[in-house]
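Data first, discussion second: the structure below is written as structure tokens.
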Amino acid sequence: MSNSIGRDYRVTSFGESHGICVGAVVDGCPAGLRLSIEDIQSELDRRKPGQSAVATSRKEEDRVELLSGVFNGLTSGAPICALVWNRDRDSSGYEARRWTPRPGHADYTAHLRYGGYNDYRGGGRFSGRITASYVMAGAIAKKLLSEVLDVEVLAHAKEIGGLRARDVSVDEIRRNAEGNPVRCGDPETAERMAELIAENSERGDSVGGVVECFTLNLPPGIGDPVFNTLEGDIAKALFAVPAVKAVEFGLGRGFSPLKGSESNDPLTLRDGRVETETNRMGGITGGISTGMPVEVSVTFKPTPSISIPQRTVDIERMEETTLVVDGRHDPCVVPRAIPVVESVVAMVLADHALRAGLIPRVLECEG
Amino acid sequence: MSNSIGRDYRVTSFGESHGICVGAVVDGCPAGLRLSIEDIQSELDRRKPGQSAVATSRKEEDRVELLSGVFNGLTSGAPICALVWNRDRDSSGYEARRWTPRPGHADYTAHLRYGGYNDYRGGGRFSGRITASYVMAGAIAKKLLSEVLDVEVLAHAKEIGGLRARDVSVDEIRRNAEGNPVRCGDPETAERMAELIAENSERGDSVGGVVECFTLNLPPGIGDPVFNTLEGDIAKALFAVPAVKAVEFGLGRGFSPLKGSESNDPLTLRDGRVETETNRMGGITGGISTGMPVEVSVTFKPTPSISIPQRTVDIERMEETTLVVDGRHDPCVVPRAIPVVESVVAMVLADHALRAGLIPRVLECEG
Amino acid sequence: MSNSIGRDYRVTSFGESHGICVGAVVDGCPAGLRLSIEDIQSELDRRKPGQSAVATSRKEEDRVELLSGVFNGLTSGAPICALVWNRDRDSSGYEARRWTPRPGHADYTAHLRYGGYNDYRGGGRFSGRITASYVMAGAIAKKLLSEVLDVEVLAHAKEIGGLRARDVSVDEIRRNAEGNPVRCGDPETAERMAELIAENSERGDSVGGVVECFTLNLPPGIGDPVFNTLEGDIAKALFAVPAVKAVEFGLGRGFSPLKGSESNDPLTLRDGRVETETNRMGGITGGISTGMPVEVSVTFKPTPSISIPQRTVDIERMEETTLVVDGRHDPCVVPRAIPVVESVVAMVLADHALRAGLIPRVLECEG
Amino acid sequence: MSNSIGRDYRVTSFGESHGICVGAVVDGCPAGLRLSIEDIQSELDRRKPGQSAVATSRKEEDRVELLSGVFNGLTSGAPICALVWNRDRDSSGYEARRWTPRPGHADYTAHLRYGGYNDYRGGGRFSGRITASYVMAGAIAKKLLSEVLDVEVLAHAKEIGGLRARDVSVDEIRRNAEGNPVRCGDPETAERMAELIAENSERGDSVGGVVECFTLNLPPGIGDPVFNTLEGDIAKALFAVPAVKAVEFGLGRGFSPLKGSESNDPLTLRDGRVETETNRMGGITGGISTGMPVEVSVTFKPTPSISIPQRTVDIERMEETTLVVDGRHDPCVVPRAIPVVESVVAMVLADHALRAGLIPRVLECEG
């Protein structure tokens, strides 16, 4: 059903925002991968709230627990269940607004889809909190990609509220992004982005943005046409992240006004290897990796939770009403979404690298 | 494997550009749907080349044949195999450029992926011609959606080469799009688009564009979170169409500079039904249909086949060289891609409508 | 990957015999099903060891916990995670025999498959203990089938160590099976079966047997030819139960010596409904349910763990050796396998009933 | 949906008994396999009717055509579509008995499942003729297994109408089975089997039997626990063959009366390799291949088509009636089912060998 993704690296997500826990089962990770709690915790920590002034001040002390699949510090080939318990959930406010769906949220569609039986507290299964399960599954994928193929997945904030970072190198992202609260590779724009978020937060409003994600060292020849293209599988996985509304590869939307003579990437030889001079295609043609960095841009809509009054409908009484969403919310999801985008892309790449036979079913481990 | 898509409405594509045929097997279409050759042929005719000055002058006399799954004019519940034979294929030119991959095409990645065993003639399995199989499968999905749910899927050319149509109503698209060679709902812009294509064609160049697709009457509550969202499944299917590089829902990329107060869709009552005042979300929140029209924008890169000389590598001799792609090619894929986008979206909607139980496994037929 | 089964009712199993827990995620259970801990616990209790003299005296205090998917006592439509913690595991003996695979067990093949990284303690992922996850997932399926369709799944011990129960009615099974330690519908044979098990247990040996499983009230028309037949899907699921070596439907192996005139089930009218006079086919023809009771027979090999010395190979030193498997083991797996067989069959039936549209995605609940 | 099977070697079947054709699409066959029409035709010829006195005298001149996926005599990595056209179909008799379902056939369940829209002529999609698609897909799998892994799949008639062949070696099967009309490895019993079939045929009756299938040289370590076991996947595929009612591995049903001390296979060293002294398990433990020959027994019920009058129901008038099934039918399906069983087993083994990474995605071809 719909809570699993991937074929060879298969992730099943479970849990709700205000339920007992949020977890993931990873099936298909090869045996023999050294895997520690810390490998996963470090990624979860990047996602957790309360890290800075630009994020919600809620405290989620997410400590990952590994319930299966790791034996003597190495993956055993059995499915890996990882979870974080939900603690200190304050669900008191949710009963009051059960019948007044928040605009921009999934409250109303979830109500329809599940006949009102869905756990509506904090968005339940539709909450951004569910992405904690993606991050756990993605952290394992990242470790696998890094250990076996030296593949790195790296994202940063490209746009926030209309402010666009200058073009930066991957090295700049690696050096700068984790050093500023918005996780932008361009420190100057980062500062202005943070100010913009703060301004809107004070007004009870929120802003949208774009995350740019790169993969380094991905071997060429990965991807399965015609339907399981690398682009299609990455896009599908990204749309599982709440608030994502657009996915672009390479120049993406920017291809529209161009001519073929401006958009094709000429092939060339570099150190005896075939490469492209430019990388407008974003590292993928025909759904298959070219060996150039994969470049994907992900647009996040503004956080729908705003404390400015909004019109909605009381669906119990079937009458129009006005709603103010209180509580502590991220005024912009982009900064915390960076590790989520990386995780989701890593999950898909691990899956396709396994399909391509580039990662064996049993790793030759050092120890 | 990778040549099938969908769960309840499952499409398997086969065939190559210069092989014997291009075909599709549709598994999961309910029994009892009245289905004629004409239902499929009419859609194929919209995709076929040689329809106008803005498209390639190649002749593809694509006559669909139904090999299985239809009995006495009605679907029988068995898998439906539909195909078109490839006739009058001129493959003579392809041997010469076997070793010089065309920039922007999948020639090089396909060569890597299949170790050189792939049918390279005309792009083989990566050719735009493969979309004929999507159109056949999509035509059946359209008929099914239309007959059972009165759902309509409608696309038009929103942008071509930087020229953007004004905002048009669905009625305008229905009235205007098939009446001009670029299939744009805005006749004035359509004319300029056609001129722009012709200009670039004369120079041996090509242009990109954006297709905008709407679905009407789609019931609310369709879509399976968290991974099989309507957005994710539509996006994945669209990236199977050659040249697609970006997929956006609702305001899409346009959400980035907005504030929450500008982007949420307020809920309202209309004729006793819950609707949204605006439809910035493009008819989907939380991966589930809201009941408003689904709006998806698809960016096509410029046709990579251009007759302007391009740099490439002779991968047999491993030396840099220059390539001129001759032959008759569409100077812009957008006009012929319109029915393809509609077909792909219809396939996904049929799949999700079946999952949602909105279409029974056996139709109560009039006959 | 391989730890999930089912399409519309999808079960993912995780955990190891001597790991932290054994669990299941059920994805696809409709929203609105009343589900309590007790619904699952009662089935787990039937599987637990230490229930009688014919079973192992090990203590497994398996208390199910529901981690997600149930809200206010009703399923919410979100994936249901259920697990039991492993307590009081004594893994001390396993290190000693890590390198001497037990004949009849999966020790050697698991070692090969996972390169020695598998958790070998107590069979790890290949232990009969993993069936606790099937029972949890099956208990939910049973509840669903029973509530919505009044379908019942019922198994008993048909053969043990060569002793064969007389033909009994479903009512006799319902009345008698839970009342004797071997769970046989024929109390007289049950007594002799128990004695035979005890005799062999004293000698350190074990015995095999056959479980017979019936489904009542299954509507006709369920099952998806050609590959997802009811028989094929039930068989596949049953072979996931350790020690199963044969699966038969209706007369099964007994069809071989018969003639067509002796084996076809004549059709007849009973109370205005089409039925078959006999049910030699076991309730399925063409992979589709006929409306008659589904009858499936499952052969279990004798428990491979015996305390009689056996020849094996020390795969570390690569030399032949002799092994005595100590510890407390079931001298016959059949009695405890009864609820497991029922669970596995129920999982498949729930899946197919959902596919057939006989169970809606949202249940109309009384509350 | 239900007309596809396999994950990495995926087969989609289409066509009906009296429709236009019967075909298969194989997706996932590696690129670079030398594949000729003759590779497939030779297997089809073994399945075709009219080969001997013990089979139906109907003429099916099944000439395979390859519509895609093969380029210059080698597989290209694209999906392979193979089909046979249905010629000289005499459907005249079927209209008359449309409303009187044949006992033992799927006529009635198919009618229910597809609401009467199914192609009922000759069983339509439920006909034994559909197995031609399995044989085509299986012939490719056989070639792949043989070329890359030297794996051979070999079946013969073990039992017919109660006559049981003596235990024969694989060499005897290879030498003898194709030399007698029932395809039995034991020529003496073969003669009596043929007589028995002839006797029953004269009386208008039919007989059942058991096919025994072996795989040679299958590497150890293949199979994915817990749900995608080798046994489970083979069993599921075999139940897609009409008339199969039981599947057993190794001693199968014969394990029931045994003790553990009689049924475990002791491990031993042979030429420095770990093997088992006996092979009661049939080459699989824990769902994973041991390296010993896989042994599977498949019980076929007697052909349901008999010319002896049978009771049935006229489901149009809803009244009981009597039916005589005329036409030319196999009085025993076993002889023609031998290549079908081999094909189905080969499909599953190819799938699992690909999953195990034992077959690369691109073959290093001699040419």
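Per-chain numbering from 1; labels A, B, C and D assigned in written order.
Throughout what follows, contacts are C-beta pairs under 8 Å (C-beta built on N, C-alpha and C of every residue); 3 or more make two chains touch, one makes a residue touch a chain.
It should be emphasised that the depicted structure is a prediction, and the values quoted were computed from it without experimental measurement.
Peer 1: To get from chain B to chain D along touching chains, fewest steps?
Peer 2: The fewest touching-chain steps linking chain B to chain D number 1.
Peer 1: Taking each chain's centre as the mean of its C-alpha atoms, which one ends up farthest from the centre of chain A?
Peer 2: The chain farthest from chain A, judged by C-alpha centres, is D.
Peer 1: From the C-alpha centre of chain C to that of chain D, how far is it in Å?
Peer 2: Their C-alpha centroids are separated by 27 Å.
Peer 1: With centres defined as the mean C-alpha position, give me the chain A-chain C separation in Å.
Peer 2: 39
Peer 1: Where the centres are mean C-alpha positions, what is the separation of chain A from chain D, in Å?
Peer 2: The answer is 46 Å.
Peer 1: Quick one: which residues in chain D touch 2 or more of the other chains?
Peer 2: 1-4, 7, 13, 113, 125, 361 - these are the residues of chain D that touch more than one other chain.
Peer 1: In the complex, go through chain A and note every residue touching chain D.
Peer 2: So the residues of chain A in touch with chain D come to 7, 356-357, 360-361.
Peer 1: Taking the touch rule as given, give the residues of chain C at its contact with chain D in the complex, in rising order.
Peer 2: Residue list for chain C touching chain D: 1-5, 13, 101, 103-106, 108-110, 112-113, 125-126, 130, 159, 161-162, 200, 205-210, 220-221, 223-229, 231-233, 235-240, 242, 244-253, 255-269, 272, 274, 276-277, 281-282, 284-290, 299-306, 308, 310-313, 315, 318-320.
Peer 1: Mind listing the chain A positions that touch chain C in their complex?
Peer 2: The touching residues are 1-4, 7-10, 12-16, 19-21, 23, 25, 27-28, 31-32, 66-69, 71, 74-81, 83, 113-115, 117-119, 124-125, 361-363, 365.
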